[in-house]
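Questions regarding the structure given below will be posed in turn.
As written, the chain order gives the labels A, B, C and D, with residue 1 at the start of each chain.
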Amino acid sequence: MNWGSVDGFFHMGGYGLFVWGSYGVGLLCIALEVIALRMRARRLARTAGGEA
Amino acid sequence: MLQAESLACERGGRLLFKSLEFTLAPGTLLRVLGPNGAGKTSLLRILCGLARPVAGRVLWSGEDAHALGEEYGRRLLYLGHLSAIKEDLTPRENLRFAQRLVGLEAPRAALDEALARLGLAGREDVPARYLSQGQKRRAALARLALSRALPLWILDEPLAALDVHAIDTVLALIGTHLADGGMAVLTSHQEIELASASILRLVLAG
Amino acid sequence: MLASLAGIIERDLRLAFRRKGDVAQVLVFFVIVASLFPLGTGAEPNQLRAMGPGVVWVAALLAALLSLNRLFAADYADGSLEQMLIAAHPLAVTVAGKTIAHWLTTGLPLTLLAPLLGVQYDLPGAALGALVASLALGTPVLSLIGAVGAALTLGTRGAAVLLALLVLPLYVPVLVFGAGAVGAALAGLPHGAHLSLLGAFLVFSTVFAPWATCAALRIALD
Amino acid sequence: MSTKELDFGEHAARGEWWLRYAAPQAFFPLAGRLIPYFVVLAVVFAACGLYLGFFVAPTDFQQGEAYRIIFLHVPAAWMSMFLYVVMALWGALGFVLNTRLSGMMASAIAPTGALFTFIALWTGALWGKPTWGTWWVWDARLTSELILLFLYVGFIALKASIDDPRRADRAGAVLALVGVVNVPIIYFSVQWWNTLHQGASVSLTRSPSMATTMLWGMLLMALAAWMYAIAVCLARVRLIIREREREMAWMRELGGGE
């Protein structure tokens, strides 16, 4: 276990901004992709009455 | 001898025709009829290997035309809706290049004679840009007068935008081509009267 | 086969000379683009000399890109391209002929004009020599790869921008070693390796690019 | 007889049973059933990978904790290249076999591939800042990733600019093939052009120069990314299948062009 405490974990040895900046944007990208697919499916269902 | 074997064509999501069959023996003319959007042009483009059918094959004397590639191209004269006339070139230059493309290098005199036959005498050296639409079409049709060596003619609306005189000339050329044992496939809204030739009619329902 | 190739080249050159303006436009564009940079970065000789190779090469690349639609677009529009697909010779011969004609009317003039711009960037003799050599080997590759992009974007919406988007990433290796050769010559280093790699790209694209262009043309006319 | 049966019937008639699933309609429900499995696999692999990466892997003596970004950066970079090759393969398959589904799969993969390329670039920049002091480093791998992003965007833009789906698939296939042949050349020339970056920490030839736990962390994250990519691409291909069906239905009603 590398981290003394939860704060230490987020502090990430001073590199918190960079590490969580990376993982945060990574997660954001994935979330956006899934949401985009959902919206595309809903738009499809609305116009064609076809199930997603 | 041209054969179509269970041809099917799909254009823009619609099945235009399927399991279309015909055999075209030397000396016969196949006239393709049908309303607009029935797939007449698509069929012609499939026959000359430009477009791919969804199913079926085009056979040229028993062999798959697609596989023959330029062997088939060497025997084919295709005239589409577009006249393939370069505006910056003169009718003579256009005709010379069109003939060279199918391997029939024609001397200048023969080029001029073909152009004259289509009523373009005296306009051989005028850049095509200055010709009328009908004259450009005739410049493209001049190829018919130089294509005795091409057994198969595929013509899309050859008589469109032509005056009466030009229509007679074109029909005469097609007539001699068929009499020489050539084959032709064409679409035309006008009725085709060719005395000696046997005419097949293929109606696309659409 | 060779006669057909010569026929295609002769036709395209004849068409190009009938429209000298188009050919001249590309060369003028090349000179203008290359001449703009000093206005932006200042004309300090050392700086100019350092960026000279890159600027001249990028300007040549953009000029070649600009002229690519001349390859097939006009023939596609008036039905000539259709006729070329039903020719007595393989489509690859037609594509090769048109690509050579395109190079003769863009790549070659750019290569001959480049030393003038090189002087503008205070490039010494050795670098000018490398510039001409690298362009002579590189511009045919620009035509070959560009032909693929031109064929793929035939009849598509917004073809001009799309063509740039498709083709420029593929131009990167030629740019890297083209400008690299001139940079090496500038620094007095040997640049034989760069030129041989450019030669390798030329051979590689001569073998592969025509196949892709033919496939793209058949798709466009299907 | 509508085109769908034609595709399906034609293949079945020729006894190509494996082409059964090449017919979009047969593949649609199958894809739907597979998606949940891949989602679960992705989550499990990610959890293990992150645990290894953050709680087991030791601190790097040079870069301190900043190096932990590689557990996202390297898998994303691998996936961006891997997906481009897979996309090109699906495109080539569709081009040769003329099956519609393959072209759709290629279209389904492109956005996810572009996304992984963007993630690789973003994490590369954030990793570069503490390590080399600048946000954007013209280092060989990052520059190649940037060019790869242009290739993805070019592929997506080309397919979007062609209305007829069959032609779009075939044109996309040719572009992807030309692209996949060029990716190594681009990478090689950019690599030669700039040797700033130390060699790829994990390359197939050299043995990994890092602690095995770091390596396992990255491999697990790569597997997670792969599972995720499959799940998302299957979901997107289902949408594409439905969208193309709707498009064809509209065209049939309006009477397509001659």
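The rule is simple: a contact is a pair of C-beta atoms (placed from the backbone, for glycine too) under 8 Å apart; a residue touches a chain by one contact, two chains touch by 3 or more.
A quick note: this is a predicted structure, and the numbers were derived from the prediction, not measured.
A.B. asks: Counting C-beta pairs in contact, which comes out ahead: B-D or C-D?
C.D. replies: If we tally the contacting C-beta pairs, C-D comes out ahead.
A.B. asks: For chain D, which other chain has the most distant CA centre?
C.D. replies: Between chain D and every other chain, the largest centroid distance is to B.
A.B. asks: Distance from the CA centroid of chain C to that of chain D, rounded to the nearest Å?
C.D. replies: That gives a centre separation of 31 Å.
A.B. asks: Determine the centre-to-centre distance between chain B and chain D, using the mean Cα coordinates as centres, and give it in whole Å.
C.D. replies: Roughly 46 Å, centre to centre.
A.B. asks: Just how far, in Å, is the C-alpha centre of chain C from the one of chain A?
C.D. replies: The answer is 43 Å.
A.B. asks: Mind checking the centre-to-centre distance between chain A and chain D? Centres are C-alpha means, answer in whole Å.
C.D. replies: Once rounded, the distance between the two centres reads 18 Å.
A.B. asks: Two-or-more-chain contact residues of chain D, please, as numbers and ranges.
C.D. replies: Within chain D, residues 249 contact more than one other chain.
A.B. asks: Residues of chain C that touch two or more other chains: which are they?
C.D. replies: 222 - these are the residues of chain C that touch more than one other chain.
A.B. asks: Going by the touch rule stated at the top, which chains touch which?
C.D. replies: Every pair of chains meeting the touch criterion: A-D, B-C, B-D, C-D.
A.B. asks: Please output the residues of chain A touching chain D within their complex, sorted ascending.
C.D. replies: These residues of chain A touch chain D: 1-3, 9, 12-15, 18-19, 21-23, 25-26, 29-30, 33-34, 37, 40-41, 44, 47-48, 50, 52.
A.B. asks: How about chain C: which of its residues touch chain D in the complex?
C.D. replies: Residues of chain C touching chain D: 145, 148, 152-153, 156-159, 162, 165-166, 168-170, 172-173, 176-177, 180, 197, 201, 204, 208-209, 212, 215-216, 219-220, 222.
A.B. asks: What residues of chain D sit close enough to touch chain C in their complex?
C.D. replies: The contact residues of chain D facing chain C are 95, 147, 150-151, 153-154, 157-158, 161-162, 166-167, 170-171, 174-175, 177-179, 181-182, 185-186, 188-190, 192-193.
A.B. asks: Where on chain D does chain A make contact in their complex?
C.D. replies: 54-55, 58-59, 64-66, 68-69, 72-73, 76, 111-112, 115, 118-119, 122-123, 126-127, 129-130, 228, 232, 235-236, 238-239, 242-243, 245-246, 249
A.B. asks: Taking the touch rule as given, give the residues of chain C at its contact with chain B in the complex, in rising order.
C.D. replies: Where chain C meets chain B, its residues are 4, 7, 11, 14-15, 18-19, 74, 78-80, 82-90, 221-222.
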